[in-house]
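The structures come next, written out as structure tokens.
Consider the two complexes below, in which subunit A is the common component and subunit B and subunit C are the respective partners.
For the complex of A and B:
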């Protein structure tokens, strides 16, 4: 790991203003002190970071080769923000009413939640340590069209990039954020996203990923004020290594969140979901449902954590994770945690790991489907349930179509 | 109002009824841990040379280890050099029968309700009583011998049945297993040894009662139970300690070996001194308990009722190695005042068609923290393995915490795992209903908690179920209002 650390801790290329530079220095210090997560680091127990070490990070300089001009398809018209090889391009967003884009300032970076006494948050620190381009998107009015963050990388992409994006929703604003990833090459995108939801605002955050060998380590942290509403739907259809930390802080009363996700994995793909929902004040409400289908030699990980702090009275939380193991070489590791420090709350979680019922397959075959069709239908039924709660019909359709194709 | 307050205070104070101290002359080794202390413990127990060697190996390994910090426990650093590793009531020669045992000791166990003497034999439970570092007596040895069952103190087993001990000691919990198991392997004092021969059903319940009496000592007992093919045994364990302002350490290891078609049922009612209402004093309870279902169709069942200890760190586990073997874990853990419990189980499925069931009930009151931590692992070869886990937590009071950390790992597509957990407080409607039927709040809470724990209590042998229920009621006193 030391070589990797050396490569990552080389001085950044672009000089930043002094406050940001100080933050960057501090992050470098923390990173050098604790290094990257090891097998014994609880939060990274199932994410094989060592695989990154084996990669060839030696080629330096940004990849300027013929950019893979893949335009990622979207089912609707949107305000697009392409992020190619980690470079955020906001040129298509000029003078849009209610949308303000500015460079990230030091006071907009909150590291108070980052662990600085062990390597648990090493990649969040790394993002800061290598910070070159960060943006803040402020949404002051409800937008007509959704925002689309489209991450891509070219086949020759071998580097590590550390984009940082902050999105602020003003009071009462409603927005839809589409986050798509089509990463090629063999690099690393180490993304940090901070979402700020002011009182009464509502964000629908849709994530869809279909990567190759490139690794993605993403940390999304949402802060919700009074009666704010954050919904996230995730669909992962592959990627050699995808790690998604999704942290939602329900900071004020009547804040609520729903996070649902599906990962359909094959070959040697790996998806590791680490979610944490913090109920600071009651009443607040959270609901979580993650479904993983692991085939071939793939591995699916779900670590969900519900944390009710003293004062979160009258809050309610439900967490569910269902997993299908479809091959004798695949692995599922799951850990749904509850940490409750308030009395007047209800919290529950359920977790299952298993395979499809033989009886159900037999029933479908007796109705004329062949085995492959029966299997695909059952897998689809199992996974698609996570998108049932998606209110927008076209969006739901788009998600389920993608899922159907993948299965 | 003030009278009620007074009553509640009285109740809180009367909560720990086993907190007395027996004034008996005892022999204690100076504080601290080194090779000489270990050699001395081994010599006192007249152990064979290989056992001392094993202890020293463990000690040298322990010196290279660091204590675990992953549990959700706030724990001050333990100074292992301040602890006395051996304390025993003084006696000229080893008593040959119960009649030769110091009457003061028998009185102590009498006070604790443990049937050691003749008249209590009517209770029909064979008892091994361990006082600080030594076993003071084992009842019914003759009757058990007739059935071929060996039930004696661990020291006696090491002397009388060295081959059996040598074959199985450390075979389930190796000395390198974890920090506290390693410490235990170096300094273990007494404990029980049970051997049930082939196709034998142990004719009575076996029981061990552990008592810490001396000041500044630690208790490090080691229990080994071996069930040969087709054997069956039910074993009960109870424990208490005097009320003291200092914390005392208890680090035990229990190993169960279940051969083909054998059954072991292990029940614990843990009532170590939990500390006072301000969190002062109490036992630090770090225990490694593991059962190995070695043979096909074997079965191990753990039942525990945990109400005592300032800190509980305990994960009774089953390694389901044999095909069709089964593991069970039933637990009630109640924490009050400043108690902290991090407890649960591990079910490691290695064999085909293995099954496991986990029922855990956590009750938190006062300012206590109660965590369930469990692991269910389905290995690659565990075809058609099944697990069902249910862990429920009940919160009584605004300042306590209830947490659940279940690890689920599956590497076999034919294995099925189901896990469910809930956390809530006692429903106002339930309380209102009970109170409208004439119960006061405390009675109502006790009744609801009793119902909440029913699934676990029904697994306990009759005598223990009654005791556990009473213990829970006493522990709940002062928790409401």
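For the complex of A and C:
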């Protein structure tokens, strides 16, 4: 994998202020030492990093199409932050009450959780090693409109980009964050998002992705203070390689989280979810539900880890993953991991991998739906349950409509 | 309406129906009784067009057309309805949505316009009320978590909304309490007219008291071995299937 490192290290970097520069140097050093995940790197064994190595990264340089920004449809008025070919554009966010955009400072980057003795966190280090543009969005008042981070890349996009975004919610603030991805071309977006939820704040984070060849490697890490609430809903409708690490730290009592996700995969698409919920203090509450539908030669991975640390007494956690294999060539790997070191906790987890039942298909057909309609309805019914808990009816509708169209 | 001639059906490698003959005229109600495993549900599934129920011989005419060359959904659109002995749960698909999708699919296949959603809901609510089912069932997933009796009544709601030409009721009365049985019978009777026919598969005489069938048949070992009027059902209720001739049983 040293080639990959060389390729990613090739283009020159713009200079940053000294603290950031030092961080970058440190990250480069860690990367040099341990390189990228190998097949034997447990947390990455299903993510085909090798496919990235085979790509041509040599053509880095000014991208002629950088000016062409695709506008991604959104049925709501939102504060839009386009990120085209990895370039974060905050120009549309001027003078909005309660919203502050600043360049990321070194002290806002916490690497204490990054593994630095093996390649497990190589892409997080890579994001730092190649850091050029990091932003911090502070939300100091509850916003009327959601924030929309809209990631796109052009057909010519062949580069690797490493955007880094930190979002801070002040005490008691409520916010909705849309994160949309429409990546074309054959590059890599290696994204790191840090979410800070101060006491009593609440973030609803809605991710929806529909990429083609360009790869997405995303690490999303949420830190919750007292009674903060983080909800993530993920809908993946394809992409040659999508890796999502979603880490939620319930750092103080009464913090709670719900993370739900659906991936509907076909062709040779791949989604690899690695989630980790850390209950550090009790009582804290988590609920998780991921569903993967894998058709054709696609592959879905779900690795969900719940960790209840000493001190997380009286906490509660529910984790469920349900998966559908729609073709004999598709593959699904699912692994819930529960680690409990606290007292008086309640925790449940379930994992199923199944196929559509002939009886259900026939039942629908006997009522007049043709086979394709019956299939689509069964798949929809299987997956849509993950969005039942979405409180906002228009948002739920938006998600389920996207899903319906894709099935 | 329905003319089954010498029907042979195989499931897996097993011959289940072995030369079944049955004729049901428009507006008629026929009851089919018979021991467990004799092939009653197999008949229902074969007529509804389930994969794996292979017709190896015989013919079925439905409303003048060759039923056997139609796909399951085409049979539904042509007016055939099967109320399942074990209605299937469809997780995540809400009952109202499903019913409307089914009705619209049938209408589309027949070249008709989609139903008006308000008319549709009104019609469904009416049926629910008639079968004394709670409106909340509309929002729940199809049959999921329904009690046995609710599932059976839900089949009757579907039948009433889809308005088939021929309905096959496979043990819809099994598992119903006495009041629910009456409601189901009334539901069937409301739908009865000179055109619409019913094939009612049952183990009990009770439903037939309310429905008053034109004919009662006994299906045994893959064939109709006895036919008669409603008095046949009474006799079966009292004597069981013992009086069937041993050769028929062994055939």
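To be clear about the criterion, the second predicted complex is superposed on the first by the 399 of 407 C-alpha atoms of A that agree within 3 Å, B and C clash if a C-alpha of one lies under 4 Å from a C-alpha of the other, contacts with A are read in each partner's own complex, and residues count from 1 in each chain.
One rule holds for everything that comes next: a contact is a pair of C-beta atoms (placed from the backbone, for glycine too) under 8 Å apart; a residue touches a chain by one contact, two chains touch by 3 or more.
Worth saying up front: this structure is predicted, and the values here are computed from it rather than measured.
Engineer: Quick check on the subunit A-based superposition: subunit B and subunit C, clash or fit?
Structural biologist: Once both complexes are aligned on subunit A, subunit B and subunit C fit side by side.
Engineer: Anyone got the angle at subunit A's C-alpha centre between subunit B and subunit C, nearest 10 degrees?
Structural biologist: Once the structures are overlaid on A, subunit A sees subunit B and subunit C at 80 degrees.
Engineer: Is A:188 touching anything from subunit B or subunit C once the two structures are fitted on A? First, second, both or neither.
Structural biologist: neither
Engineer: Which of the two partners, first being subunit B and second being subunit C, lies in contact with A:49: first, second, both, or neither?
Structural biologist: neither
Engineer: Can you tell me whether subunit B or subunit C touches more residues on subunit A?
Structural biologist: B
Engineer: Between subunit B (first) and subunit C (second), which, if any, makes contact with A:16: first, second, both or neither?
Structural biologist: Once the two structures are laid over each other on A, A:16 reaches no partner at all.
Engineer: Taking the superposition as given, tell me the minimum C-alpha spacing from subunit B to subunit C, whole angstrom.
Structural biologist: So the smallest C-alpha gap separating subunit B from subunit C comes to 16 Å.
Engineer: So which positions on subunit A get touched by both subunit B and subunit C?
Structural biologist: Shared contact residues on subunit A (touching subunit B in one complex, subunit C in the other): none at all.
Engineer: Mind listing the subunit C positions that touch subunit A in their complex?
Structural biologist: 48-52, 71-73, 75-77, 81-82, 84, 87-93, 98, 101-103, 105-106, 109, 141, 158, 162
Engineer: For subunit A, which residues are in contact with subunit C within the complex?
Structural biologist: Going through subunit A, the ones touching subunit C are 357-360, 362-371, 373-374, 377-378, 380-385.
Engineer: Which residues of subunit A touch subunit B in the complex?
Structural biologist: Of all residues in subunit A, those touching subunit B are 42, 310, 313, 323, 325-328, 330-355.
Engineer: Sort out for me which residues of subunit B touch subunit A in the complex.
Structural biologist: 70, 378, 380, 393, 395-425
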